[in-house]
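Sharing a structure here in structure tokens format.
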Amino acid sequence: MYNFKNDYAEGAHPTILQRLLETNLIQQNGYGEDEYCKLAKSAIKERLNNQFAEIYFVSGGTQANLLVISSLLRPHEAVISASSGHIFTNEAGAIESVGHKVISVSTNNGKITPSDIERTLQAYQLKPHVVKPRLVYISNTTEVGTFYNKKELQDLYAQCKANNLLLFLDGARLGHALMAPGSDLLLEDVSRFTDVFYIGATKNGGLLGEAVIFNHREVGTDFPYIMKQKGALLAKGRVLGVQFLCLFEGELYLKLAQHANLMAAKIAEAIQQQGYSFLADVASNQLFPILPNALIVELEKKYEFYVWQKIDDEKSVVRLITSWATDPKIVDALVQDIQAGSNSF
Amino acid sequence: MYNFKNDYAEGAHPTILQRLLETNLIQQNGYGEDEYCKLAKSAIKERLNNQFAEIYFVSGGTQANLLVISSLLRPHEAVISASSGHIFTNEAGAIESVGHKVISVSTNNGKITPSDIERTLQAYQLKPHVVKPRLVYISNTTEVGTFYNKKELQDLYAQCKANNLLLFLDGARLGHALMAPGSDLLLEDVSRFTDVFYIGATKNGGLLGEAVIFNHREVGTDFPYIMKQKGALLAKGRVLGVQFLCLFEGELYLKLAQHANLMAAKIAEAIQQQGYSFLADVASNQLFPILPNALIVELEKKYEFYVWQKIDDEKSVVRLITSWATDPKIVDALVQDIQAGSNSF
Amino acid sequence: MYNFKNDYAEGAHPTILQRLLETNLIQQNGYGEDEYCKLAKSAIKERLNNQFAEIYFVSGGTQANLLVISSLLRPHEAVISASSGHIFTNEAGAIESVGHKVISVSTNNGKITPSDIERTLQAYQLKPHVVKPRLVYISNTTEVGTFYNKKELQDLYAQCKANNLLLFLDGARLGHALMAPGSDLLLEDVSRFTDVFYIGATKNGGLLGEAVIFNHREVGTDFPYIMKQKGALLAKGRVLGVQFLCLFEGELYLKLAQHANLMAAKIAEAIQQQGYSFLADVASNQLFPILPNALIVELEKKYEFYVWQKIDDEKSVVRLITSWATDPKIVDALVQDIQAGSNSF
Amino acid sequence: MYNFKNDYAEGAHPTILQRLLETNLIQQNGYGEDEYCKLAKSAIKERLNNQFAEIYFVSGGTQANLLVISSLLRPHEAVISASSGHIFTNEAGAIESVGHKVISVSTNNGKITPSDIERTLQAYQLKPHVVKPRLVYISNTTEVGTFYNKKELQDLYAQCKANNLLLFLDGARLGHALMAPGSDLLLEDVSRFTDVFYIGATKNGGLLGEAVIFNHREVGTDFPYIMKQKGALLAKGRVLGVQFLCLFEGELYLKLAQHANLMAAKIAEAIQQQGYSFLADVASNQLFPILPNALIVELEKKYEFYVWQKIDDEKSVVRLITSWATDPKIVDALVQDIQAGSNSF
């Protein structure tokens, strides 16, 4: 059985483990003050082309989300999120747990638009009886695999700034977004057109780790206190520093995302060739094809994946995810199995 | 310069890194449902001799503390801690951040006694104007390197049970406590005489990780929800599972702590031979010797450590910490430098 | 200008102020331990026919909601509410502020049904990545003026009990619900078919005050601590005790609600006679008629009320609220103005 | 039995009840937007001689404390309080419940000095492992009846400003402080030498109510949201507005406090004449005399008060509190009983 359920089924890219081994017994300062963290921050900062960027490494996406949001909001301030947003659906109430309401916005494709913002602000006028929207949370790629291009992000940020809102981008799969075919967004654009964002390593080659980046001086003050208070400051910060150094001293981070996207594209092509459609646009490493149930049953004999949603008695949506570690040979086999399975009906 | 400042200056024991490498590309379930976590839990549970124990792996001590405490207390309930307790002094308000007051008790040696409990309960009688003490937090070893022996822990637990209090033991350095010369406490005693505790790997051979153990059915319900909500549930839980498996499938965990204690004992012996005394009893891998300032200056040329407290114009307390990774040759050199330095005055 | 905007435009029923005057200088214990609180609790308890009921007086509805919910839920547990529910829309994030997500359910009439519960539970299965629904919040009357009859409440409670959910009824306008024409619900039914509820005085004759009632022993433990901690324990609890005593030693509470409902019914009848319809069923003291804009403009010259929602270029919904204090003569005048205004088009 | 236990045993000054009666049926806007609140705010503001002051009315002291503190602090920021401070001892963890640690400072007389601040700041240097002190909480009068004079408050405020700390004064008994014999502090001084403070009515003539005053623009933003969110925004804000209007349109507030202080001074004089001493300086309406146990037993036959603390087998400290409502005839009787009781030993 091969796992297409998620993009965290393997450990880390071998380069990372190798570097952990090589540096293992070199004594370092604790709590992120080690030299690998410093080098990794320099490497990332260089890519951002933003001298004001402040970078911190944390363990995972839910942690990054709650740290950033609790650090930026006063008690009565709220977050605007797509209803498919990870913080709204799949973080066990993390944001509410630090005191803030998440206002959900229905979307077609997981993406928030300037007009969504406007509509939400109009619905929250009855001061002081309602919460005060203060931060917009977006994901790139989104939870359904779509991405923001440069113009979309720029416009959204302008709308936020015009309304005294902060824009926070969850980049658990930022590499996949940047490397998505058709995306014109660069890492430095993300640093220009958001207030704060993070770059996820957990789902793109790391054992664990997200790099949180505050893009200017008005945000991010005292963030290490918040990290410590919420249990996010690792004694051996080197574990995160070494990983991000490996990913960003060269092009490894982007190459790994590119591999994941390519594997997904191959599978998508095979599916399209058989005449099947998709729930959401094929854009990155998450596919949501609508397949005949008989084919699904056949594929489940060799592959693990989620049956996402029933369409009718004949068809269902499944979710297939590829990653930096997805084996091209298995993808070839899957492509053949899709073709064979389809032809047999 | 060699670091005696803390016990997290190196990475992980090589066995652990080796195992991470070997298992790296084997696909696993996420979120702690991998086979290494399962094996590690079995291995630990066997040592506990407690069929009711429920085990969860988290990243660090502050995280373990806030997760356990927020999972067990209602909003008005409070924690009793030694004034030297990590949650009272060095966690940036983590426990208050999840809503609970930490009532501090002054102690001589970092340890809480049954009479401390009694005195505290008497001071908190004015319901509903005061918080309600509900959980006692202790550390073993304590923040000053002392340990609880079996009788002490048993008596404290009896006092807790007689007063409807939960007992929670912070075992960030539990290995060092169990292996301390003179300690008669076994791991299974800790599981009998506390409600919940954790076994720290971060400071004893791991890259990161603490194993939280709920000892009976009345505690621990729904803990994974709390872990997820506070950002403590790693997508790649295997990173923690592999480490605890290495540490507990055999005797590695205890052996590493024994090494740290032995290194400390050698240094302590040299210090005592020179006629110097200690702020706290020498018990485990933390030493608090009172040294002449001139000797301190001499040692600081080769070694890093904290000057803890001024005693008078001539003498200060320093803190020296050893670890599983402390090099015996460096310890020999330090011993010589102590002898040489002392003789030169 | 006469105010039909809300039911808290006047002070208290004169009987209450008179009693505050009479008892004013009699020394009493503080913090709800005065004799008026005790008598008021006895008077209410008698009506409940429930020996296990525990009663506490607090200042307002939002306060009651946050106290009850924070007292009953663990951090990862969530509330199910209608999307029109006061806690979801109009309490400035009070429930999120104490750490809990409010899951909203879309409804036609502000009421939650057993099938709403079932559907919600099915949507929150992905433990531990989602919050855990634990409490159902309903309002009676609802925010749109509808009410639950006995069978509806009984069925809802059975559904809750079958699913280990607590049922909490916001009774800010409970009097209006009990006295609504067509309602067969008695106060003692509310005590049987909910776990906890409150009886509002602020909107039915009091200066301020809600009586929170825990219906059985498994809920309500240590509630005074929660009250104190959240700033809800008045030093002069007598202020609340005297009011509830006046309202419940006889039939004043129900009579005042009946008056409000009667005034609303008169207005509703006049509106119906003119052939206008309503957004929600006419049931209690809140009316949502759909009126021609020209008539609205006419009425706004003499009366204050909210224009609730635009229907089309010709018509809008307005909200008219009556209260215990609504002057029957003004209601007669309003009826005439509705008739006159309608005839003039 | 006559109650000297506290200063909230009676209702409100009759003027207040009379005014509540007179205004009772005049329709008003809700939520503090009524005309009485506006007039009361104007009356208070005039006394403050501070055009930037923003005033809000809330129900009680614990509520005021938690609202102000949660509105001003970020999650990692902490409060410095005397160890006798109400928020540290008697508010059931209200401040921790909104997420903040209260750092306690031992004092002789309930008052914090600039050097206390300095010492505390030095103890909290280990960023980010400790909380960050950000707000100093003081009470005037203090919990032991002492007061700050103008120079003391001015110096403390200067120390706060020099260290980027906010100064918040709990004025639950501010009237008693301002009217204390020997106090040179004026209400307008409090508005100059603190960032935020409140004027308590609950303990000085009101049924309930504290007026929270933010003294400049950098504090207080969005406070109504916080009030609503924490359940502190009364629907009938007029209840508070009318009271503060009565107290501040003329000199009632200060006169009532003066009466309380005078009654206490008479009792104190009688006690001193008998040669007894006091635990704390006699300054306002709280007395802490050290009396022979035999006299205490005698007095307990006619008067209610707290036995505060045992001194030795012969003597104890008691606490006697007077109020705006204390009957001068009873005070005369108490004076005689003290004299008689003392002479009989």
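Letters A, B, C and D mark the chains as written, and numbering starts fresh at 1 in each.
In this section, a contact is a pair of C-beta atoms (placed from the backbone, for glycine too) under 8 Å apart; a residue touches a chain by one contact, two chains touch by 3 or more.
Fair warning: this is a prediction, and the values are worked out from it, not measured in the lab.
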Chains touching both chain C and chain D: A, B
Centroid comparison with chain A (C-alpha atoms), farthest chain: D
Length of the line joining the C-alpha centres of chain B and chain C, rounded to whole Å: 51
Distance between chain centroids, defined by C-alpha means - chain A, chain C (Å): 43
Two or more partner chains touched - positions in chain D: 75-76, 91-93, 97-99, 128-129, 131, 225, 228-229, 233
Of chain B, residues touching chain C in the complex: 70-71, 74-76, 98-99, 127-129, 131-132, 222, 224-229, 233
Chain C-facing residues of chain D, complex: 2-3, 6, 8-12, 14, 17, 20-21, 23-30, 58-67, 91-94, 97, 202-203, 207-208, 225, 228-236, 238-239, 325
Complex contact set, residues of chain C against chain A: 75-76, 78, 89-93, 96-102, 126, 128-131
